[in-house]
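Labels run A, B and C following the written order; every chain starts at residue 1.
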Amino acid sequence: MDVDQKDQHTCRIGEELTSQYRKKLPGVVDRILDSCRQDSCISHVDYDPIPSTESVVGIIDKLREVVFPGYFSKEKLDPVNLSFVLGRTVTMLFELLSQQISNSIRHDCMRYSQECSDCGERGFEAAMALLDYLPEIRDVMAADVQAAYDGDPAAKSHDEIIFSYPGLYAIFVNRIAHKLHEMGVPLMPRTMTEYAHGLTGIDIHPGATIGGRFVIDHGTGVVIGETTTIGENVRIYQGVTLGALSLPKNAGEALRNKKRHPTIEDDVIIYSGATILGGDTVIGKGSVIGGNVWLTQSVPPGTRVIMEPPTLTYR
Amino acid sequence: MDVDQKDQHTCRIGEELTSQYRKKLPGVVDRILDSCRQDSCISHVDYDPIPSTESVVGIIDKLREVVFPGYFSKEKLDPVNLSFVLGRTVTMLFELLSQQISNSIRHDCMRYSQECSDCGERGFEAAMALLDYLPEIRDVMAADVQAAYDGDPAAKSHDEIIFSYPGLYAIFVNRIAHKLHEMGVPLMPRTMTEYAHGLTGIDIHPGATIGGRFVIDHGTGVVIGETTTIGENVRIYQGVTLGALSLPKNAGEALRNKKRHPTIEDDVIIYSGATILGGDTVIGKGSVIGGNVWLTQSVPPGTRVIMEPPTLTYR
Amino acid sequence: MDVDQKDQHTCRIGEELTSQYRKKLPGVVDRILDSCRQDSCISHVDYDPIPSTESVVGIIDKLREVVFPGYFSKEKLDPVNLSFVLGRTVTMLFELLSQQISNSIRHDCMRYSQECSDCGERGFEAAMALLDYLPEIRDVMAADVQAAYDGDPAAKSHDEIIFSYPGLYAIFVNRIAHKLHEMGVPLMPRTMTEYAHGLTGIDIHPGATIGGRFVIDHGTGVVIGETTTIGENVRIYQGVTLGALSLPKNAGEALRNKKRHPTIEDDVIIYSGATILGGDTVIGKGSVIGGNVWLTQSVPPGTRVIMEPPTLTYR
């Protein structure tokens, strides 16, 4: 492009005007710093960095390579290199996990000035416990994949489900995060599930307890609350909420750590847009909850709940 | 930071304890490997790598640069460099497409031990057919953009729609993926649409057939099933499901490749949260389906369906 | 892998066939170029590049480091390095903002052939105004965090909310984008909010005006329209739509820049899946709107609106 165009493109203005504006910058910085000296300022100054999302994502990816060998690794795996590749990945995972877990624990105990002597060992312990748990996760995930295939006519193959189904991904991340949550690791589990939430639109709190052969189809808009319990062989669709009953304002403190979300027993199907609320609500074994149903009470095993279709007006 | 802080930060623990934990790693690896020798293990060992999501995303980005010239390329395009830039991009696309398509076809025929002699040529063929189809895609996308502008008072310009509307992006990816799906390419089409699903919250199966001037506004939570057919000039809003009727458990096999999702004729508007289910359900030309309507039966052309507002209690 | 496997893997085919296909490429390119010479072609040839999403994302990240010091920076911040780190980031922000804003303004005035002499100065002006506004944004975001904590029993700490809650992120991006929108900056504000929409499933138009202590819980599927006004201390849940009433087809032009979306007064709670439509609809102070409520009319202050639960059939 010729000079004129270049000038136009850069929208450049006189040196004088430029320096006029730049002169104001120190004042702006000062005002920003001052604003951070008020009580209203929420800051994280003088604390060690929070485990970065990047490092947590790296951990999730490596765990996935170990649980689904050959699906997500760049190189081709064969019976010969398998043990070497997995061995390397598991060793790397131990380093990454123990460090990030230690930092998470340390961050919390510094932040809330508790005793913090053993964060190093607790990091090793939790990392090892999670790795020990991987064979179990692999078995349950294999059952999840089979269940997804059994119930979805659009599924072309197991490979397609493992490779591209967001529901399976969200469940995988929840099974990892839930284990860390059980071991009392702070911050990291929620970072993991919120990352999966961002990718899939499926929001499962790390506290939720979920049985095998669990399927989420499509999944966008699904919300599964902290104290939810889900049995074996349960299938849910997009937009399903398993949540808490409406709270009095500022109920945060009062209800922390109480059972606030429903219990779903084995072999239940919940269709799209259904909402099931309350810590005392139990959906009995083998029940089917229809689309858009709004339920705040328990139903006995084998119940089929459907919404009387609202009257439609045709013109 | 001084040494103490550093020690604290790294949460480091004695060499002895460290090696104590590290000694356990080989055992953990063995257990993981054993768990993969059981039937329950779903693995991808001894098969060629599945087309990576990264490579598929790279293909989508380049296709978008060709279909919307000048919008997504780093450099400024002008009538002089246009043919060179497009020519280069199209040549690169041919290489990338033919390779990824070949690998996808090859992966499936190896995986399901079918005859696999012609995967190379089929890759070339499909890649060429997709490139040949781009002028047509450009025309239909131009109509999609115009339709989005016509119906959305918040749209400031065509540029804004092309540059930032997730609905248009999801439709673009579907039009590409649907073409590959029609040509029988495995895995890749679903990888493309699930990537768009992750970005937009709009889940369109590559099998869905969609006419011109199609608009999805906002879009989060939209689900359009595999055997859906959509006519010309249709407009849908966030949270709309075009899905299958509830299935008997394990209906996967029985219903595979059957028409299970609705048919939407020309000039239909479907407002947010509406759910339309069933392979025999036909929404007649020019109909308007109101918000949150739940419909499992056909309506004749020109029907306006609205939900009788549920009774509200005011306190 | 041995040679045979390699051959298989690459799916390679004879040179002759390869060149046969490659010979067709120039023709394909020509057809693509021709298709772009028709009126139907929407192109961006001969205009300066649109501000890239990458650059806009970089700006959002840096702004977040300044508004939440120490949370998202790689290095540890302490009272000593704080002023240097913030100072550096703010200076970089000034450069990035002024350039991207200038280009956005310039792009629009070139595109719609308006007078474009002052795009450089307007870029400086708007960048400086946004930086000046950051202390205010920090105060209001601190109130948002506190409100999120007060109302959410699952929230473990302020850190967890700032670090991982998508609702807070979407609100942060909206507060930045809304300021730029008020200053008449084109394209960039919508690019920012659509990026946040992609990450969070929360679609807030930059035009929406939102008060302090605003909370969005879970958030997937939330839609807040261009002319919405939200007061202080409002809390909404996933799947809530604050939208426009159904439009006559092609109402785009007629309704552009009219108030089409509702007004929510202070201290209102809106539960999941509720839909509130219309520019004349006002939800009075302290009202509570129940889950799935569909509302197209105003309610007086202190009203509690709940949907009569639809009749359920138990079998």
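The rule we apply is simple: contacts are C-beta pairs under 8 Å (C-beta built on N, C-alpha and C of every residue); 3 or more make two chains touch, one makes a residue touch a chain.
All values reported here derive from a predicted model rather than from experimental measurement.
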Same vs different contact residues, subunit A with subunit B, by half of numbers used: different
Between subunit A and its twin subunit C, rotation from the CA superposition, multiple of 5 degrees: 120
Inter-centroid spacing, subunit B versus subunit A (mean Cα positions, whole Å): 21
Multi-partner residues of subunit C (each touching 2 or more other chains): 9, 48, 76, 201, 220-221, 239, 273, 292, 307, 310
Touching residues (chain side subunit A, partner subunit C) in the complex: 8-13, 17-18, 21-22, 24-26, 28-29, 31-36, 38, 40-50, 52, 76, 78, 107-108, 111-112, 186-187, 190-191, 194, 197-198, 201, 203, 205, 207, 220-221, 223, 225-226, 239, 241, 243-244, 246-247, 249-258, 260, 273, 275, 292-295, 299, 303-308, 310
In the complex, subunit C residues that touch subunit A: 1, 9, 48, 66, 68-71, 73-79, 82-83, 86-87, 90-91, 94, 98-99, 102-103, 105-106, 110, 116, 119-121, 123-124, 128, 131-132, 134-135, 138-139, 141-143, 145, 149-160, 162-166, 199-201, 218, 220-221, 238-239, 269, 271-273, 288, 290-292, 307, 309-315
